[in-house]
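What follows is chain A paired twice: with chain B in the first complex and chain C in the second.
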Partner chain A sequence: MAKTCMKTFLQRLISSPQTPALAGGLALQRNKPGLPVDGVIRILAVPATVSIPLTNYKREILQPGVHAGQHIKCGDMLAQGIVASCSGEIIGIEPSRIAHPSEMSVPCVIIKTSNTPDADTAVHTPLNSLTIDRIERCAVHGLGGAGFVTADKFRASGEIDNTVETLIINAVECEPVISCDEALMMSEAANLVEAIASVVDMTGCKRCILAIENDKHQAITALKEALQRTEVTPLIELTLLTPIYPSGAERPLVRRLTGIHLTPGTPPSSHGIVCINIATAYAAWQAKLGYPMTSRIVTVAGKHINQAVNVRVVFGTSISEVLKQTGNTPTHKDSRVRVGGPLSGFDLSDLNVPVTATTHCITVDPVRKQGPVLPCIRCNACSEVCPVDLLPQQLHWFATADDQQGSLRFGLMDCIECGCCDAVCPSNIALTQTFRYAKGLHREVQTANLAATESENRYRCREQRETERAAIREQKREAARARLSERADPIADALSRVRGKRKPSPDQPAKTSEPSPGSSMRVNQSDDDENDRNQSP
Partner chain B sequence: MIALDTQALGLRRQTVRKTMALVMVALLPGTALYSLLIDYRVISNVVLACLFALCCEALCLKLRQRAIGPALGDGSIVLASWLMVLCVPPSLPLWQLLLGVAILVSLGKHLFGGLGQNPFNPAMVAYAVLLVSFPVTMTDWDLGERVLIDLRVDNGVASSSSSSSSSSSSSSSSVTLSAEQTGDKTITDWDGISGATVLDRLREVKQLAAAQSASAIATTSARTSAGSSASEAISDSALKTPWIWLNLAWLSGGLYLLLTRIISWHIPVSILATISVLYATAGFHSIGVVQPLIPALFSGAIMLGAFFIATDPVSAAASRYGQLLYGVGIGTLTYVIREFSVYPEGIAFAVLLMNLCVPMIDRLSTGKGGRMTLRRTH
Partner chain C sequence: MSTGLAVLLFITLIAFIGMALSWLSRPSGDNNDQDTASTDDVGTSSNGESTRNIDQLIETVNEKLPQTQCAQCGYPGCRPYATAIINEDVAINQCPPGGDALIRELATFLGKEALPLNSAFGENKPAQIAIIDEAVCIGCTLCIAACPVDAIVGASRLMHTVISNQCTGCELCLPPCPVDCIDLIEQPVTLSRWQWPKPA
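Our next item is the complex of A and B:
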């Protein structure tokens, strides 16, 4: 008795009573504006033009499969994995800015939308059961934040051991302000349960965890009701988590739910886990019904917003259009528009960037005052909150010194860029930004190293070929020399050879078609004659 | 712009200035008690040293062509020089004290690049330089009149140590003095009495006990009795001084820092645990009795060192496991220096030596991929 008491006490001392353990993280105030009051999510009107960036989640430029002037329909493939979000005419494929912290430009397909709105009919024939091919055909991307290609996730898990042990449906929208998933859960709970069931059917998983934070009361109630009503879902476990940022990120979530510690090299699929966002599951279900993924729910919030809302926006609509249609065009002089949440997002300088699968939130806030950045005093505030157990203060030291080896030793690539360390740093240091930069630098060095190794290999191969060739030549020369030395009298030999040429044997001259030394000699002679003639005046 | 939007988070973050201010608040009761019970000059020393430190800092920043305002405002230099003043005897000549402050600012801090860059604890650097440069004044711990009255009340070992020669570190000379010799001598016979922190007294008593047990070599019971009397004497002598109250004040300040989460428990607890274990085992080994740990822990600068000096985040280890190692190292070195060297107190050198090892500790104490191997989980 005393022993068990002691044991539980120790366990409590080591970790909180819940089974999942997440080191660090921030317990942030709940701040979810713009949740639907009447359970209806407004759909924004399709603007006059939409612009679809031809790039994937790795920011690789894709080759367009369409050309300017072409008329396309909603759901047509524009490039690999990218579909048109509405019907119309392509008026150009030109580089344009996208919502990216570096304000980079990528080629975008600009579509002049047709005046007649798309009828709400399925593009593809509805399927009885979901397939990976259909998910790919409908260009379903992760709606969580990274925009990973969903079909690839399922494929990767299939490749490794052909089974999905655990399917994790991520409804842990842990970042403040962002509330698009919660809005979806509140308004479409029944459909979501059906969507999850269809994904479960497709993967054939043994376990399906629907993870949600325990402070999303309305969403939980709606989901519970929907789960009770449907009979097909005994597999789905609704798991409530205490709200700790960044539980919604893939690696911390997997760790909290299963205890498996994922490292950057090992995707969850190598442990038989697939983790998808709940809105992605919904999009996959839409794909099963025949609708390609052409829109997403976006949270519009902030201090300079009249009324925070969640609206469904067609991909390619510009941010300024979204703000305009929701009646929130920034009027204040000191407004700044931010894409993404307060921790993971970034400020925009140009509002004419298109909404994509990763644009989950737009906030308009007053310009903030930046405190002075002081040196790091290694106070350990950052390592206290790091959800992946790193020492950001050490990492920062090495990253600012561009010491690749040191920063890799202290886990640079393990950093999930959650921003927790930034939020608590007493010196106002932009730690996450430093790590992003160091990661980029590391990747660059790696690519350069790879290229160098490749060219070194090429050079080595060439050298080898050259030496081989030289060896063969040498062999031939040796053989010739050996042949030469075999003969006793080279002069007599040569003479006999010449004689043999001059007096052809009587059985050969009839065959004129066969090229013989004689004929080539004749040509040479004629050439010589010509030369002679040219030379003569 | 890819910076964080902390306004939207509604998160009140700690600032460097606030951190330093909280540490100073934790130092206040101890400093007040110090000036009341032991020497009122502490207050003036602290004020003068802090003002001089600010001037030195401004000068260093100007020479280094850095912005003066924010660096002066963060309070780090005030805190460091405050700690240094608490470590040196209050009777230290002013010019030596100010020299110490100048060394703290220049050698301890700005030579390495200012705040956050120093590998060694600046206060301890200054203390070490002063100790090796001015050994006499730096070990001149005047206990003051009130202490003498306390000491005169109880006879025996406590007064024996107070009758030792004025240089507090000359503990070897006090071996010849025994408790019986000083029995009927009165305080007025002496010109003046100085010296003897509790640490010196501890040392003397121990040597006394060793001599006694050597003379009464015969039975184990004699040895035990000698040992127990010695340990009683030690606790007596330690508990009769105002130093114990001072150390309690440092302890309460440290607990306040723990509660406000400015420091974590790892470093102080591991230091105190190591010292306790070492004193306990060594005492048991030499005089057959486990020595009372209270005088060992509540004497000298152990509490101040464990809670305020060793926990200086800049020069301490970063990971939790590393902090435990760091604390164990400081504890061991403190014990070794106290017991086997000419210096009465070892925590300053222990901290400096362990500061040297911090990069290595940080490397050893993080696992694959820089993960901390020991930490709290939610």
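Our next item is the complex of A and C:
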């Protein structure tokens, strides 16, 4: 016992002297097929049509700024924050399925690509230094998997205290199979260092941590070589981490590198931290040179794959097209195609969905034969591997019972949905999915509460308005009643009013020319009454 | 002698511990725990404070109500119903949109029995929204006047439409429509409203 303790302690001491190990996590075998042997990333040919979904990371549907039949160029804005990934003609804006676990349809801009491929020239004029506006104009999105708008990340940090203390460049790609970032580092290390330098320059950060696992030997060597050749080297700290899944997730990574515990809902920017993926930094640098973000590197791998590769794919290319062009169209009957990693991804039933900024990996594997779900035996394996110190077995208890207060008390919103607990559960309990469901339920309740508050406000406004109107009506009625009661004889009054209105007959000229003072007064008064009546509603 | 002294000391110690415990567990005056408040607590203190407590109770009950303002409970809105529950001891099972979940919540909060929903007031339905058939609408403005949450826009003799994310599905616009052009549909599941299903 003491011997094993000593051993682990020594191991930790040797592996990473400055950075503490992750609280839990899984030490998975390094399995990175598809890394470029020759150091060159293949570029997939642009298909005949591309389909760009009009939605953002918040899952909002965006209004298109273009119409069918319009000819567009690569980099033209299609909607807020979305650019055309290639030139061509818009043949329609119609609902189409997207790569999302809901498998729902959202409006997509379908572009018939032009026969002549886009010339390899910049769309915008190159800048001397990177700006947030340029990042926004080039529609740079996070390439780590969440697809956050990168410009918003930098803006948020600027809004709070105008400074970025720490810039974290996330090159930790801890999930097995996924190797798109590693491939990029191996092939474009020099450009990546320049990219990081330009982002450092833009943010004016005091510290820049380039975090990478210590088993990516080729990538580390390439980056180290490139770092020696640049001038900003002292600012960029290359930090090596022990490869434990999920150390690449933002919250555990920030905690591991800076010791700051980010509570759910607080962005890293509130602590002066900006954390971006290394490929996002590369895309930002491309934006500086004038190229909008129109493609990403996708890992194609799995057991039912002929040749695992990393390919650069233009956004909007369908997943079936990617598999076809890489020679990996599923032939087995019991294949399942998954988007995202083996742990954090989701299965697809329709392959005709477009690649977007969040599609980092496509895997084709045999259908998993899941054993029957058994009751929890309280073995505690899930809480040992949880990287955010939760007690999944307890949380599961509350989540399945729809007890929201209990779930929240046990840190439901802290869950990063990494899937570690699922992987170790001996009873095959779908823990992560239960937590996703419970989170959804909580969000639904929150939205409903917000809507209830708003509708109550509107109801109160309406009530107040109605009361005010009724009061005004009542006031007018009172005034009319008072006027009526002032008069001595309303019948005589009415008669005189009628007489006053009657046309003067020719045999009574004297009456019109010389009216008695009393009657004229009465006539005037009756006119006033008439006016009053016309005015009242 | 020494045994007697020890016993005496022991008794004194126990007495001290008891006093300390009772001092620690004494009810704190300003800490008003809302979740255990009930109508019985009210009225013991001065008049102004009791009115304030009643107002607070009404406010809390009102917050629990679904705010559809549908008037199915027999009161013109959610706040009047909350007021009636507190002031007139009206039954808590008269809110169809809130359903059994609301009844349970109110029962726990007010210390009342959780009766099943009184079907005389209506039945619990899934969330719905109104939709106007714009081709048929004659622009009479009657539905605009009927909507309790101002979720219908339009002008006289011009087409009206429902602001779907503000509609509470209260059905109050249905009876006044002279051309019967308003339908209630189940709230559609959009991408932003989609949630993961519960695992089997």
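Note that the second predicted complex is superposed on the first by the 440 of 537 C-alpha atoms of A that agree within 3 Å, B and C clash if a C-alpha of one lies under 4 Å from a C-alpha of the other, contacts with A are read in each partner's own complex, and residues count from 1 in each chain.
Assume contacts are C-beta pairs under 8 Å (C-beta built on N, C-alpha and C of every residue); 3 or more make two chains touch, one makes a residue touch a chain.
These numbers were taken from a predicted model, which means no experiment stands behind them.
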Problem set entry | chain B versus chain C as contact partner of A:Ala146, first or second or both or neither | neither
Exercise. First (chain B), second (chain C), both or neither: which does A:Leu343 touch?
Worked result: first
For this session: May I ask you to decide whether A:Gln433 touches chain B, chain C, both, or neither, giving the answer as first, second, both or neither?
Result: both
For this session: Return first, second, both or neither, reflecting whether A:Pro101 touches chain B, chain C, both chains, or no partner chain.
Result: both
For this session: Could you tell me if A:Val498 is touching chain B, chain C, both of them or neither one (first, second, both, neither)?
Result: neither
For this session: Classify the contacts of A:Glu456 with the two partner chains as first (chain B alone), second (chain C alone), both, or neither.
Result: second
Exercise. In the superposed arrangement, does A:Ala401 touch chain B (first), chain C (second), both or neither?
Worked result: neither
For this session: Would you mind checking which one, chain B or chain C, touches more residues on chain A?
Result: B
Exercise. So, does A:Ala479 touch the first partner chain B, the second partner chain C, both, or neither?
Worked result: neither
For this session: Name the contact category of A:Ala470: first (chain B only), second (chain C only), both, or neither.
Result: neither
For this session: Across the two complexes, find the residues of chain A that touch chain B and also touch chain C.
Result: 101, 430, 433, 436
For this session: Please give the residue numbers of chain C that touch chain A in the complex, ascending.
Result: 62, 65-69, 77-79, 148-151, 165-166, 168, 189-199
Problem set entry | chain A partner contacts - residues on chain B that touch it in the complex | 1-11, 13-16, 18-19, 70, 74, 76, 114-117, 264, 313-314, 316, 318-319, 362-363, 366, 369-372, 375-378
Exercise. Can you list the residues on chain A that touch chain C in the complex?
Worked result: 55, 58-61, 100-102, 104, 106, 400, 430, 433-434, 436-437, 439-441, 443-444, 447-448, 451-456, 458-463
Problem set entry | In the complex, chain A residues that touch chain B | 14-16, 21-26, 28-29, 31, 101, 176-177, 242, 244, 263, 302, 336, 338, 341-343, 345-347, 349, 363, 365, 368, 370-372, 374-381, 383-384, 388-391, 393-395, 409-414, 419, 422-427, 430, 432-433, 436
